[in-house]
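Got some structures for you, see below.
One chain, chain A, links the two complexes that follow: it is found with chain B in the first and with chain C in the second.
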Partner chain A sequence: MSTRKNGTPHNPDKWELRLYTAGQTPKSLAAIKNLKKVCEEHFAGRYEIEIIDLLKNPRLAKDDQIVAIPTLVRKLPEPVRKIIGDLSDTERTLIGLQLRPQS
Partner chain B sequence: MGKPEALPSRAKAQRGEAQRGALPKAPTGISGLDEITFGGLPRGRPTLVCGAAGCGKTLLAMEFLLRGAEQHGETGVFMAFEETEHDLSQNVRSLGFDLENLIAEKKIAVDHVHIEPAEIHETGEYDLEGLFLRLGMAIDSVGAKRVVLDTLEALFGGFTNQALLRAELRRLFRWLKDKGVTAIITGERGEGSLTRQGLEEYVSDCVILLDHRATEQVSTRRLRIVKYRGSTHGTNEYPFLIDENGIHVLPLTSLRLNHPASSERISSGIPRLDHMLGGEGYYRGSSVLISGTAGTGKTSLSSSFANATCARGERCLYLAFEESPAQLVRNMKSIGLDLNPWTKKGLLRLEASRPTLHGIEMHLAVIHKMVSEFEPQVVIIDPISNFSSAGSGSAAEAMLLRLIDFLKSRQITAVFVNLTAGGNSWERTDLGISSLIDTWILLRDIELAGERNRGLYVLKSRGMKHSNQIREFLLTSDGIELKDVYIGPEGVLTGSMRAAQEDREKAAALARGLEIERKQRELARKRAALEAQIAALRTEFEAVEDESKRVAEQDRAREQQFIEDRSAAAIRRGAEATNAAKRNRK
Partner chain C sequence: MNQAIDILQNQAIDTLQIENQIESLRQQLQEAEELRHAISHGEVDAFVVGRTDDTKRVLMLSGAYARYRQLVEEMQQGAVTVSRSGEIMFANQAFAAMLGLAPIDIFRVPLARYLAFSDAGDAAVLLQPHPGKAEVRATLRAPNGRQRPVRIAFISASDEFNTLLVTERDERDEEAGATVDAIRTGSVDALVVGGEQVVMLDSAQRFYQAAVDRMQQGVVIVGPQATVAYANQRMATLLGMPRERLVGTSLLKLARNGDEAKLATVLLSHHGASAQAEVQLRRANNEYVSTLVTVTAIADSQKMCLVSDLSLQKRHEATDERTRKFLGTMAHEFRNILGPIRNAVEVLKVRPGLDDECRTLVDVVERQSARLIALVDDLRRVNPKE
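Now for the complex of A and B:
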């Protein structure tokens, strides 16, 4: 799953992340907290997080092909990756964001 | 749900359920399916449709939605996990449905759920709330009463946490029930279980199994209702087909034998045969079997019936599996039957196809469709023996049983022509359907004195006093003629031997006539002679009488003379005359 083959920077300058939640559930809140922590630790100042509450905007679930909640979508750097879950497993989150090679 | 013998009749079942306020049902609109489910799928509950790849699950689910929207005014949601909206609308366009238009009219909503396992990475806890939100939104957008999930099992490939997934599925089905939507969930057939992922443990109200298998190179689709909680249903495997009008399930094996029985009689087209059948012909709605070896006139006999049917102004469907319509029409002209006017009037429909063209179930389905469209009063199938080449013997037999049931339930008189292979027992049909037949006419060759003639007899005919006589069956240029065969000390004579015998009988009759005349003349002569004799005797008698009268007169005259003479003598002798006279007086 490593993308180093095609020359994509391992830790690029711009990270565009989008987190889909459905209301203020414990899982959603945990995901937001865990995401912010990861971002600050690994690419502070180089990231943008958009949090979308699908209860308020359910159309986006269809448009963005969201099934599981919470879902984190890495829009940039490409390719698009989807990480589902509350991001409580930091190690797996980093692998999902391709900051770590898959063991 | 009962054992087959406990199954009440359909009307009873429906009335019973209505009385108990039982299970409301959502009609699928799929031809035949509503009949075997006695009204449709359980309303407000999920139904599982499972089967192997390519057996028609998606189509069945889609047709349920489309017909719901078009015929039953129930909007629907199609949640597709495998196909895109574009693919789906293309697939149903061939069935005459405009999915795009229905979506534009807000009658149907389609949501393609794309799950790409390679893109998804799991970290920690999650749920499938996104799916619920999407489904909820789609349902709300059209006010859906029906939902299809095709196929949920795709989820199992996309997520690794199976325990969580199963918990979410359980929640989904509960949620669907709470929403009150009638749902179809499709699932892939698994090894040893109905679905690969055991979806049947979540959907327990109604399970329909689709199957597609090939026997002897002929493939047949079949449908079976594995369970239907709270409702009676047909329990058999029903064949179904997919054609340009969608799915057709053939509920042809009826659960009971309650065909109406007409006492109306219809002519076979041959007066003499009608006479043999109690004088009036076949019963309307009965099944007639005409069997015989090659060239015994089976087609001619059935064509005569077709002709008679059309002449009454009724419709006749003639399914020919051996001859093309043109050939049949030409051949029948040679025996004075012109079928052309009837086809032109639309009373006769000749359909010819090779039996090996379709599988046996497909044949059945095609016949079923033709009958439904054309609504004939008479159906002729010529011959049924060919069906065994389109499927195994038992399949052909089952098919015919279904066909007979179907035609009887519609009060259609059916004529089945069966070619008996040479050397077989006469009274045997290859397909073993004789017990299902009401009237059985047997045509056979009678080989005698170097010629082959056709004989006809009525082997059985239920419910009428039929003739037990064998008749010679003649094909003349004016049609079919039945003749008495000659039965005498020399056995059964047919053909020229019968003709010769008839001639001999004619000669003998003539001779007998002459003999009688001669005898009568002789008697007349004798009588005349006797009368003459009597006259002569009378003359003689009269002569004798005259003579005796004359003699008596002479005698009297002589006596008189004598007395006068004596008196004269006394007078001459004097006184003593008185004494003498006195003495004489003493």
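Now for the complex of A and C:
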């Protein structure tokens, strides 16, 4: 169990993230940029980002039941969580990743 | 006389009885007030109820709690009371069932043990004496491995314990809500339909359209008969006509007579790769503009044509040519002037009796003229024809 104090961010050893994009759409590009920024700021050196371009492999959408693009899926730490959108709302992204408690 | 005395005596008795009754009522009222005070201050924990000795019984106030407890036990939502350190002090049947356990099994077990790792910290907030937030989303993790998304809400706190309400939540509903929000706020620009087909949303198309509209090349999308379905602003400017007039007309009809077949070959061919043709297109003022048309198939029988203005390119080429000629002429003229200067310096250097100051000045002229010659040579290289 995490030893963090109440409401403070917890930091597992490994973050495994999967970002579903649709080629080079503006929102997909924005999501990649925003995700990398959050990762570097909060768990540099402890994350893996897998970018899945659904324009090239639309069938991969089924794996995580993706409906809207871009969508970020947090595979690790468990439980699996989805954040839909371009991650431009940093506060919402941090809450979605559970780096910040939900208000 | 006797009758009058009787009446007075009776009235005196009535008055005494009334006074006694009033006093009795006053005492009952006082008792009732004391009872109310005792109940409201938690000073009694049982009542004697029933009118007769046979029906009288003691009603424990804990009996009222028992009823609440029964209600909590039977309700469908999970209820759990935890200590400040996070141990489960009470859990109802519904909460225990979410974990696949009996309530007794989880007594004094830390609540965090049944939460997904990353949720434990958020839920810990609910254990504080005055939680700032009323609810957290979490995932319950049963010992058998089953995970269950829940909402945990703070209900009440006592000195040592907090009671929480645990409700199952439907992640699919939540995701659907989040998707609708994301589309509404424009933070997604594509959707997956039918499980494996990606459809761009209008906002994305608008972005591409805006980018294409601002391109310096003409862009035309044509249908099966080379009919224009879309033209960007640059194309409209190139042909000197509004876009509305272009849409619906055949691009072939805009080609100069001799070029029509050439354009048709690249537009109507079924080659996957792109094809190019140099064609002259008729402008609105009936003049012709030389273009290079590059055709690429983009979708079912649709093709995209990139149209470059060759006349502009030719104008640029002509400008470049004039510049090169000017630079060449300049280089030639400079060299003509520099030749005699270099010769004069050579003569001066070998002249006897030159004092040191003059020799220094000659050196300066020689050095600077050498630099000037190097610059002129650079200019000549710009124009190889020179």
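Of note:
Please note the rule applied: the second predicted complex is superposed on the first by the 94 of 103 C-alpha atoms of A that agree within 3 Å, B and C clash if a C-alpha of one lies under 4 Å from a C-alpha of the other, contacts with A are read in each partner's own complex, and residues count from 1 in each chain.
The working rule: a contact is a pair of C-beta atoms (placed from the backbone, for glycine too) under 8 Å apart; a residue touches a chain by one contact, two chains touch by 3 or more.
Predicted model, so just to flag it, every value in this text is computed and none were measured.
When both complexes are overlaid on chain A, chain B and chain C end up clashing with each other. Legend: residue contacts after superposition of the two complexes on their common chain; A:K27 is shown touching both chain B and chain C.
Contacts of A:P77 after superposition: chain C is touched, whereas chain B is not reached.
In the overlay built on the shared chain, the residue A:T93 is in contact with chain B alone; chain C does not reach it.
In the three-chain superposition, chain C clashes with chain B only at 117-125, the remaining stretches of 45-53, 117-125 or 513-521 being clear. In the superposition on the C-alpha atoms of chain A, the part of chain A touched by chain B in one complex and by chain C in the other spans residues 22, 27, 54-55, 58-59, 61-62, 66-71, 82, 84-86, 88-89. For chain A in complex with chain B, the residues that touch the partner chain are 20, 22, 27, 30-31, 34, 54-55, 58-59, 61-62, 65-71, 80-89, 92-93, 95-96. Put simply, chain A touches chain C in their complex at residues 1-2, 4-10, 12, 22, 25-28, 54-55, 58-59, 61-62, 66-71, 77-79, 82, 84-86, 88-89, 98, 101-103. By the touch criterion given at the top, residues 110, 112-113, 116-122, 124-125, 127-128, 133, 136-137, 139, 147, 149, 175, 178-179, 181-183, 185-192, 195-198, 200, 204, 207 of chain C touch chain A in their complex.
On the chain B side of its complex with chain A, the touching residues are 111, 113-115, 119-131, 133-134, 136-138, 155, 158-159.
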